[in-house]
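By letter and in written order, the chains are A, B and C; residue numbering begins at 1 in each of them.
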């Protein structure tokens, strides 16, 4: 990256010597009358000299001063030589609207060759908006030099926009065709404007607009889908543990959200513990996953063995009791860590956004959460389907007495199952530390949603939990644009309740005799 | 007076591909006493569930008199005069024996009527008569929770008597009863039948013989054989099902 | 629920009379508080304004607890959303109190409450019409919670949603309402809710007389609700409810429509909660969406559990004792309160399933 920058700087600096002369030549014109000024500005812009940029910026900001034909920059140096200048008696250079218009174009053109890709990007965007056929040549030159794809993409759009206002119909068509390949609202607006002024090109414009609309709709749909899946993955993480403790064991654990919270705080603790070991610090998040699983799992095992098992067969009492436990856990964490949010850092490899073709932007950490949630789902599935523990667990769930007579220690299986579900909640906490505030009441926000996911998906079905979580997440994001975040949530709750009317046992219901038990 | 008859035609119940009932047809005449036997999983309990509205049949007709039972919920079916005694006695533990019977007594069943309900002398007499009949007169004021297993069975039968049903479905009434109690129960059921239809599901062939009624044998959700106990016991298909191939 | 083997009403005439006597005595004692409040400042028997205000609040909580007990203790319907019915009743009364402020608001608008002027409302939203009339507000305080409970109950009970499933749905309901009421554009004052009330029925609220009036109104509501619930639970309706609690499907096979019984009792319970909320708001002088918080509802459930569910009087006792503990504890060790409350949840469910009332009552065999 650095090398490319250096190269660009070199290129910018090594412009033809004639241009440098042109800079010195054009400069005094800025001190002249408005007409002369505008001309000088045009020349400076067309010259493409890097030194012209600060001068024109200062002029645009009203910071440029002059004494006779000497042009003085805001930092007190002579614009021509770069030497300190005597500013005594200097006056501010005043400009009028004509000069301002010229400035906009010139600044844009100058920035097109800036050494900083972000500046070039911004320049391309401003040229795009300024729309002048005069920009065509500088843009073509800039595109030829451009090496950063995302900048070139915008420059090409700007070029197309400039072509749109060219006098030549063929050039216009070229512009329309290029814009039709874009997927931005701006391009669409430009085309619609062009349609009004060029009735003869209406057919081409309409086709281009239709193409953009198609792509925009796809982009919106894709982004909504991603946001929905992202929310769904959060719900999935929060609900997975519950799908095991509630769905499989039938234990209603209102402290589930607090186990998620414990997982998030474990992440924080691991991070703090690793502060002294800088090379390990970026890996604190992956290291937190097993730690959080153990902490929350242990808490779950203690809760099950110590309290819950005394209340088997009394779900309402279990509900109340575990709510109390959640309250105690929350308050304990509040006293230990304070009520304020704790910051859990994101490692560099999780930051930033990913740009997909079609202008679809995806935040990396959200993507990681989706991946992580699917991994955890796979883990839960494997543990239940493929391990000895999973087999014993299913046996106990189906027929406790028979399982016991076959030598399965049902109490131990209960404790392990509950610990497993709680541990998964802890792992969810690791992920949630990345996208939510790590505070003592982190879990309360998720408990109701999680239960809704489990009930909606079908109690006792991990596939149902997956489909339920993702379905509710996407549904939420579909409703959100026209109802707002809060009403979308309310609407989803109402929809779930209506859905339960039709299918009281959820999407993936267990049917038949087993379900009646 | 005899009530309406029960009529099942082509009834199938499918759970997840498993056919609990398969094209079952059965007619119980008004006033008839009928025993239904069959090995485990033959569909006896599912048949009861279908008649009482707990399970909706996948296909087929179930009528009681002119009423289509497949369209009604449990409460409406019960109010048509179909009473059910469960395999496991279910009485209301927190209520006294008297209160259990009072709830079962035929009377308007809506909340408002229950709020305005006054126990009149005739009703009280009837409840007391039933407590006598089921041998719980001295326990009338005790909560059902403290009754023994046999007493709970009797209380439930008493509740059925209070309901005064036209059709009585009895699921394994003598499970866990002593021989004497079994005999007593058989006599009671014989006495009840005649004024109303009774369908008894039972494993105990001796008890079925004591009932002296027509017997229906179910196997894998379908009707295997029907007739007197002797006919049925000599039916080679029945022997095969019960004794194995 | 089947672990509750106690009969719904105490048996044996003396115990029954004893409890009745104790309840009457307690109500009479409570009725004395506003009188003692009027004694001169130096008097030994004088009761502070604070005590009257706090006790008035507890009485409203007592009605809420009674409502929860009627549904949970008798019909086995554990609602984790009764705080929503309470809050809706409170909002209905709050709307009336806001209308009565009239031009005395900060902005001095003749009709619109301050927050509406602030948010740029030009006229009252349609659902605010009529709330300037006291009877209408009281009617709404009963009708809105009642209708909501009826709708929710009808949807749930007829599709046989029972037990924890129903509890979770009620919790989701109050959660959804909380989110909705936090919104400014709902027309209910957003997260500030309603406050700065001036008067009710022509009496300025910050006077001793108004406090006493509200206190007696709440006490009458409590006594009336207790008598009503006691009556219901002693009829055959009450016995059917207990039967539904213990063996729902058996009740169906007896020919009772379980749905209509549950629906009646749940709706009635919500109406009582709404009335309690309607009296609570002028007593405490504020209502905001925080009242919908799921934690409030579940805390109210624990009052009932502590007092002893299925006993009515126990529920009221629970509401008073837990709140007394809360008031006392939060004054000197606020950090401890949540530990104590959490432990109460655990202790009562594990060790005292019949609550305080179970301690007083002799054990059944």
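In this section, a residue touches a chain if its C-beta (ideal position, glycine included) is under 8 Å from a C-beta of that chain, and two chains touch if they have at least 3 such contacts.
Given the structure is predicted, the values throughout are model-derived calculations rather than measurements.
Between the contact lists of subunit A and subunit B, the overlap consists of C.
Chain closest to the overall centre, judged by the mean of its C-alpha atoms against the mean of all protein C-alpha atoms: C. When each chain is reduced to the average of its Cα atoms, B sits farthest from subunit A. Averaging C-alpha coordinates per chain places the centre of subunit A 64 Å away from that of subunit B.
Centroid to centroid, with C-alpha atoms defining each point, subunit B and subunit C lie 44 Å apart.
Residues of subunit C touching subunit B in their complex: 2, 4-8, 232, 235-237, 239-240, 242-243, 245-247, 249-258, 260-261, 264, 364-365. Of all the residues in subunit B, the ones that touch subunit C in their complex are 52, 54, 73-76, 78-79, 83-84, 86, 90-96, 99, 102-104, 109-111, 114-117, 143, 145-146, 159, 163. Contact residues on subunit C toward subunit A in their complex (touch as defined above): 1, 3, 78, 152, 155-156, 159-161, 163-165, 167-169, 171-173, 175-176, 179-180, 182-183, 294-295, 298, 301-302, 305, 335, 338-339, 341-346, 348-350, 353.
On the side of subunit A, the complex with subunit C involves touching residues 252, 307, 310-311, 314-321, 323-328, 330-332, 335, 444, 448, 451-452, 455, 484, 486-487, 489-490, 493-494, 496-498, 500-501, 504.
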